[in-house]
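What follows is a single structure, written as structure tokens, with notes after it.
All chains are identified by letter, namely A, B and C, in their written order; residue positions are counted from 1 within each chain.
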Amino acid sequence: MRSRRVAGAIGALWWGLSVACLVAAIALLLSIFAFVALRGLPALRPQLFFTVTHGIAGGLANAIAGTFLLVASGLLLVIVVGIGSALWTVEYASPRAQRLMRFTIDVLSGVPSIVVGYFLYVALVEGLGWGFSLLAGALALAIFMLPYVSRAADLALSTVPREMREGAVALGARPATVVFTIAFPWALPGILTGLLIATGIGLGETAPLIYTAGWSNYMPTLALTHEPVGYLTYVVWTYISQPFAKSHALAYAAAALLMILVFGTNLVARGFVEYRFPRSQRIH
Amino acid sequence: MIAKPWRIQRVGAQAVLRTVTITMAAVSFAVIFLMLAFLVIYAYPAIRFNGLGFLTGTIWNIGNQYGSGSVSHNGYAAMPGAQFGALVFIYGTLMTSGLTMVFAVPFAILVALALVYRVHPALKPLANALVELMSGIPSVVYGLWGMIVLVPWISNSVGPFAEAHLGFIPFVGGGAGSGDGLLAATFILVLMVTPIMVATIRDVIQSQSETIFEASMALGSTTWQAVTRGVLPSVRAGILGSLLIAFGRALGETMAVLMVCGGAINIFPHNLFQPVNTIAAVIVSQLESALTDSSGMAQRSLAELAVVLFVITLSVNVVARTVLRGTDRDGNRA
Amino acid sequence: MRKTLALTLAALCALGTAGQALAATRLLETGSSLLYPLLNIWVAAYQKNDHAVQITTQSTGSGTGISQAISGVAQIGASDAYMPDGAMKSTPMLNIPLAISAQQINYNIPGLNNVHLNFSGPVLAGIYSGKIRYWNDSAIKAMNHDVAGKLPHQPIVPIHRTDGSGDTFIFSQYLSKSTPSWANGPGFGTTISWPGVSNAVGANGNPGMVQTCKHTRYSIAYIGVSFLNETNKAGLGYAALKNRDGHYVLPTAANIHAAAASMVGHTPKDDRISLVFAPGANSYPIINYEYAIVNPKQGNATVANSLKAFLNWAISANGGQQAHFLDAVHFLPLPGPVIAKSKAQIESIR
């Protein structure tokens, strides 16, 4: 009986520690939020959205437009490849090929961002002479987003109920038609979730962009190569180490904006998930 | 009569879709293979020039661009005085990530247990959402917080306190200096990998331990005993897999570490507070210097560093995914 | 979804080009963080009169400036260092002086930041190679009699640049020219292999140096004079340095001018020369020409002309050399003979 009481006391201690850890984790998270919000939100003035970065401060218009342009181009590059490869995995691959495919995608998601950035720098920016450019930056982001998009599409397509496919086939639909009329519509919310998560990842990336997209003080143009593109994370990383209060304010504003964008996309993505999928099918 | 072209078209559409999608599927293989192959080929002159000294040397010197002549090894030339030893950076990478895991693993397990067993059901969605939001914070924002909040705190409070009261512990005493360094980098990495681990551990516990937990309780265990003797052992593989994925993340993390590591060069940290450097951080911070090397050897040596990092993270990830595959597809998250 | 994305993309691009002259020539300037503040002032003023050109300025480091000018990524590589012979042989570039700059040695010692400490090259070399580890080292005390008793027994945190930097170049040149053991050891360059000092911290760019020095007590740093306002604001002290003639001199305009005057006559046609450790009783020892590294073969007439127009404006007495531009960053204007040499170089751009 006594040992049971001792065990109970020890257990209570451990549970206390466990809850303390949870509280500490949430407190640290909130402190980061508070830090960014307190310093960033006051700096987030409306002019920032309409003026370009200039000198020691200026605005964020170029970085915002560049971020969206890079992420959108990255998505554009990855969307077909990501969904296509998931489609093959689910529809055509043998179980062994399926395992290998998923494994590859997982491994790709573990490649360090700087390795991708350096590879593209050497191969494209210098090697092919593209210079810092939209296409090089977008490709870097695309390599990052690919696993997220592909994994989400794979999971979503895998959940298409067999009865629906069989029903369609029984009604005389061609297999390709089944894919486009039955499987895709069913999987669409899951695929969109994956795209949103990939967008969140893309918005927050820095390392692969520094040596691919470069940086520009001006609004991005349509040029695929030879024109550097600005983006928000660059502002955070460079302007915080300038010795000017104005530069710091810009860095904080960019950080706050980034957090808003990333969390916004994550919340929308989670909304999709709650709405469409049971817990066990979620992707992160 | 109509059936024939119909049939051809049907096979055709199917074949086209199949060919198109398998090409897409091949892209991810190709990307991994191309990256590795390209970097190895590009780094080849450096691999020959540096030899094994690359892995054992502690001096990183791109050579004197204002000197005359050059040095050669195995037929490849670099600027005079050039010497590329990556051990300081390899050590820094493994040390920061290793220390991170020492703190992050128990921390993440305890947080996950609290999330599963100690949070009121009504609050669970909120707590879960917070953990997941944490994993979405961009790396530069962690770095920003690290530079402005964490580093001064280490320099002004933690360091002096440790020196005064904990100096007898090896690797702890000796003063904090600037606050940039091993401790700051580790702290940031713990924050960054914890949510990844918590999410996975929470899910594997929830997906397979309900019955084990109840069985243990029925045998008269306390809740804690049920967890430590029943639940945790049953999800060992899931925990190990998440640990390895987090380790892989920590190894490759760039910006946040770069912003707080102090950029050590040619020296190992003598205590927790001294500057370190990681492979990823060095690639970012040294590329512009490397570009001034007219022989190109510095750039190629950075590529060799990238290959080393690639190989380390690739192996960690392959092991991690293999471990996780063994358990359950649900455990497979990143 | 794809359609939406394509539309978004198109809209963004339209947003991007709206309000800009489509025909504007774009020039990219990148490099020295010491020149960066001046270029920002220059570009803002210059663009008021020339709307046909858009000049992006970047603070990346002289190493990047040189290499990106060579690779063609940037049209103007800003550098505090002239290019080495080896690189000039493989890729001949123009080294065009834009102004004269200096570098100060800053430190953050609570209680002593309002005092100008004295340093010599050998003592700085000792600090940066880890031989002098505490502020109250006898070598430091010996040249600072007045405050010798106030120098604390605290470990020195030497801060160096992690990026390829002209500041590292001129600082290490001062150490090399004054200290044989440094010349035979780390030597000089825009990137050098810093001796392993356990406290040493790396920082990115001059701004990073100011930030790190400000936040790190008992640290020492070498920072370009264009950041003097910032280092003063940050409350850092700056040192008097021992010159070739053995005098301790401060980086005042008069002392920088004295050093420049003694070197102007030696400046060669291609303008590549070190002004560091110049002779003369009042010569401040760490000064340099700030360079624009430019490829003489631009290949595109429009770009070449815009580039020439901007550079010519920058070095002209009623353009970029006006006192109100240079004073803001504590630079000195180029002497007349050097302007003539710069002009000749600019004219060779095609």
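What we mean here is this: a residue touches a chain if its C-beta (ideal position, glycine included) is under 8 Å from a C-beta of that chain, and two chains touch if they have at least 3 such contacts.
Predicted model only: the values in this text are computed from it and were never measured.
Across A-B and B-C, it is A-B that has more C-beta pairs touching.
Ranking all chains by how far their C-alpha centres lie from the centre of chain B, first place goes to C. Centroids of chain B and chain C (each the mean of its C-alpha atoms) stand 35 Å apart. Inter-chain centre distance (chain A to chain B, centres taken as mean C-alpha positions): 17 Å. Across the assembly, chain A contributes 241 as residues in contact with two or more other chains. In chain C, the residues that reach two or more other chains under the touch definition are 71, 203-204. Those residues of chain A lying in contact with chain B across their complex are 4, 7-8, 10-12, 14-15, 17-19, 21-22, 25-26, 28-29, 31-32, 35-36, 80-85, 87-89, 91-93, 99, 101-116, 118-119, 121-123, 143, 146-147, 150, 174-177, 179, 200, 203-207, 210-211, 233, 236-237, 240-241, 251-252, 255, 258-259, 262-263, 266, 270, 280, 283-284. On the side of chain A, the complex with chain C involves touching residues 54-56, 65, 68-69, 72-73, 75-76, 79, 125-126, 129, 131-132, 192, 195, 214-222, 227-228, 238, 241-244, 247. Contacts from chain B toward chain A in the complex involve residues 10, 13-14, 16-18, 20-29, 31-32, 35, 38-39, 42, 107, 110-111, 113-115, 117-119, 127, 129-145, 147-149, 191, 194, 198-199, 207, 220, 222-225, 228, 245, 248-249, 251-255, 259, 280, 283-284, 287, 299, 302-303, 306, 309-310, 313-314, 316-318, 320-321, 325, 330, 332-334.
On the side of chain B, the complex with chain C involves touching residues 58-62, 64-68, 79, 81, 83, 151-152, 155, 175, 177-180, 262-267, 269-270, 274-275, 277, 285-286, 288-289, 291-292, 294. Chain C contributes residues 60-61, 63-64, 66-68, 71, 84-87, 90-91, 155, 157, 159, 162-164, 187-204, 212, 215-217, 219 to its touches with chain B in the complex.
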